[in-house]
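Think of it as A, B, C and D in the order they're written, each chain with its own count starting at 1.
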Amino acid sequence: MTPLQIVFLIVTVATLISAVMVVSARRMLHAALWLILSLLGIAVLFVTLETSFFAIVQVMVYVGAIAILIVFAVMLTRRDIQDRDKVTNRGAWAAALAALGVAGGLVGALTGWQAFASIRPELAADSAAEGTRIAQLGMALVSPDAYAIPFEVASVLLIGALIGAIYVAGERK
Amino acid sequence: MIPLSWYLIFAALLFAVGLYGVMARRNSVGILMGIELMLNAVNVNLIAFWRYLYPDRLDGQVFVAVVLVAAAAEAVVGLALIISAYRRHKTVVADEMTLLKG
Amino acid sequence: MLDHWLYIGLFFFVAMLLPGAAIFIASILAPKKPNPIKSSPYECGIETVGESRIQFKAQYYIYALVFLIFEVEAVFLFPWAAAYNQLTLFMVVEGLIFVLILVGGLLYAWKKGALEWR
Amino acid sequence: MPNFWSDPVGFLIQWLTNLLTGLGLSPELVKFLLAFLGAALLPLMAMLFVVFLIWYERKLYARMQDRFGPNRLGPWGIFQTFADMGKIFTKEIITPAGVDLIPFNLAPILAVGAVLLVWAVMPLAPRIVGVDLSVGLIFVIAAGGFGELAIMLAGWGSNNKYALLGGFRAVALLLSYEVPMVIAMLIPAMLAGSLNLVEIVASQDVPYLLLAPVAALIFFITQVAESGRAPFDLVEAESELVAGYNTEYSGLKFGMFYVAEFLHAFTSSMLFVTLFLGGYRGPFANEFPLLGLVYLMVKTFIVYFVTILFRGALPRFRIDQMLDLNWKVLTPLILAMVFVTALVDKIVVQAGGPLLVRTIVLFVVNMLIFWFSSKLLQRNVRPPRRKVSVQRPLATANVTPSASQGQDNLSA
């Protein structure tokens, strides 16, 4: 086993454990903290996939913003079921079965696929430097023959979310 | 070197955990957290596919960025809805929001 | 690149270890004489009233929300900025349209009074 | 073997590698050990540096208030901080009832760690940098996120109303000021065409302060706010919130928040220098990296001095004023700056303008926008409060007290 594989295993196990804690923690705030931990684990996985940009973005957006938003929402809607009530609803067993089925089914379906065990290829020389790759991404995002439309649509989606959320959450007299 | 399968299995497990959270949690904020986990599993897959199968193409990365936007939009609007519902019905339990049942 | 991240990982470890170790040393050196009054939550010298984890208004959430939208926007703009020297004027304008759409969102929030502290 | 004067770190690495492989260690292990050594030295030095910073700031702050400041221990009181350290290490660490133990204990550690992380990517001198990360600029932003997390954990974990309220306010404030900060960081990235801090410094043939003065100003303000110093120290507004999120912390756990604040103020000054003042650049810095380190420190201390002047001279803002300043002045202004800088710079470059022309054009445009926006602000600012025309009568001892007269006085 190479050191990278050991790191990978430790990180994935930690991430999965914290993900399980996210869905089973009794207090919502603790669930949010576990969520942060598992998101950090995923950022480390992005590092092992040699894309520091997305690793950092993962930390910046998920840990720095979405997790904080979730913590805010938890604190705004507490007083409710945090400590006393059951965590799960009646269908928990069915949900667990379904989740196991999905996991088993996905892994089973994937093992039959020929690229399943493929080995990582080396990056092409010109894109080996991370800086160049980020610039390529930035270029592709705005060049009309690449992803200019998704780029603008993303901004429309964001503004839609902003307006909708302000409209919904804003306090009315 | 890590083979692609490790990432895929990890992502499948994470997705399943998120799915369980979505289906079993009573608290709607918890449901949203489950959705975040699922979206992250998708992102791990996308980046892994990009790195292993198409390292010279940008589609995977752009896709991840778009998923990021979708996740952000989903979190923002979803949590706003939960807060709004909480303000009216004083509950965040998804089963108790029975407005549509009449 | 993995070497870089090895360094950052170790750095992260040390950066957490240093304050942790300092606190650990201090907790050995420091006296420990707890009593119920001392360990009650502080409330300006009077007795604690009610539950401490009180509830908050939605205004905090709205700031966090606008922040999140702009943060995600910045994530898209940083690659654009990194590629800036190779972009044509048209591409630059396209990035600016992206910003402009979000400025519309900011203006909406402003007009709606969502940015007021109430 | 690299020369010590032109590449000190490379020299040391080479020397240590030779030494350790000579002892029979495997090259992989040596590499790991050296990385660990480098990763350990930099935060350790930063932490020790804080000791000096606290003395420097207290001394300067005292001078602004016409006091001496620390002056007992050693020459100019320079050992005062060590005495304080001795005191704070032996203070009882109280853990109040009902705290959430993991967040409560994690928060001070995370607060310091978040600031220290920034040092990992900060270019200190030519060829002296923790790690030459290609995404160093956004790494800094991500590290800042941990600081917000720490404050939130502290506020939540403390089981105290004031702490929770203070933590909430602080996080709302830090999040808000992060918006113009992040967008202001776009401008150096754009001008340098890179997210790598080393490359950003290397490309500053003209300091970006001249190319983007308004962005620099906004970045400076947001950095002061992010480090939670006066006039933006609502994070721990003691007159309203007891002490904000660190109300329940005592002993060295409180000390860690204190250290984090000082270190953050200094680190953000350094970041400002790196992004806008050319970092370590200066005459002969490239030949003698240690000279570059000196330049960086001198520039950083100048910027740090200005933040202390801010702290000493300005009263604390109210929270609504601070949020208004952020959302209604800084954010629109910095968005306008991104627009103008991107367009003007591209047009000038495409027209083939040399660096001098670019600088002059951008500087003039910046100044125009600044002038225009300040005019706009003056128009929309609240009118000065009306003066009370009649002077209130003073209470005097010889006036015979009567009810009617008293009422007259009140109505006048």
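Here is the rule we go by: a contact is a pair of C-beta atoms (placed from the backbone, for glycine too) under 8 Å apart; a residue touches a chain by one contact, two chains touch by 3 or more.
As the structure is a prediction and not an experimental result, all values here were calculated from the model.
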Item to check | Winner on C-beta contact pairs when A-B is weighed against A-C | outcome: A-B
Item to check | Centre-most chain, if every chain is reduced to its averaged C-alpha atoms | outcome: C
Item to check | Centroid distance [mean C-alpha coordinates] between chain B and chain A, Å | outcome: 7
Next on the checklist: Centroid from C-alpha atoms only, then distance chain A to chain C, rounded to Å. What do you get?
Outcome noted: 18
Item to check | Between chain B and chain C, centroid-to-centroid distance (C-alpha), Å | outcome: 21
Next on the checklist: Taking the mean of the CA coordinates per chain, how far is chain B from chain D in Å?
Outcome noted: 34
Checklist outcome for this item: Residue ranges of chain C touching at least 2 other chains are 1, 4, 53, 56, 58, 60-61, 64-69, 71-72, 75-76, 78, 81-84, 86-87, 92, 95
Item to check | Two or more partner chains touched - positions in chain B | outcome: 65, 68-69, 72, 75-76, 79-80, 83
Checklist entry - Can you list the chain A residues in contact with two or more other chains? => result 4, 48, 50, 52-53, 57, 60-61, 64-66, 68-69, 72-73, 75-76, 130-131, 134-137, 141, 154, 158, 161-162, 165-166, 169
Checklist outcome for this item: Per the touch criterion, the pairs are A-B, A-C, A-D, B-C, C-D
Checklist outcome for this item: As the complex stands, chain A meets chain D at residues 29, 33, 36, 52-53, 56-57, 59-60, 63-65, 67-68, 71, 75, 129-131, 134-135
Next on the checklist: Can you tell me which positions in chain C touch chain D when the two form their complex?
Outcome noted: 1, 3-4, 6-8, 10-16, 18-20, 22-23, 25-27, 29-34, 36, 38-44, 52-54, 56, 60, 63-64, 66-67, 70-71, 74, 77-78, 81-87, 89, 92-93, 95-96, 99-100, 103, 106, 110, 115-117
Checklist outcome for this item: Residue set of chain D touching chain A in the complex reads 100, 102-103, 133-135, 138-139, 141-142, 144-146, 148-149, 152-153, 156, 168, 171, 175, 193-196, 199
Checklist entry - For chain B, which residues are in contact with chain A within the complex? => result 1-10, 12-21, 23-27, 29-30, 32-34, 36-37, 40, 43-44, 47-48, 51-53, 55-56, 58, 61-62, 64-66, 68-77, 79-84, 86, 90-95
Item to check | Sites on chain A touched by chain C in the complex | outcome: 4, 47-48, 50, 52-53, 55, 57, 60-61, 64-66, 68-69, 72-73, 75-76, 78-79, 130-131, 134-139, 141-144, 148, 151-152, 154-156, 158-159, 161-163, 165-167, 169-171
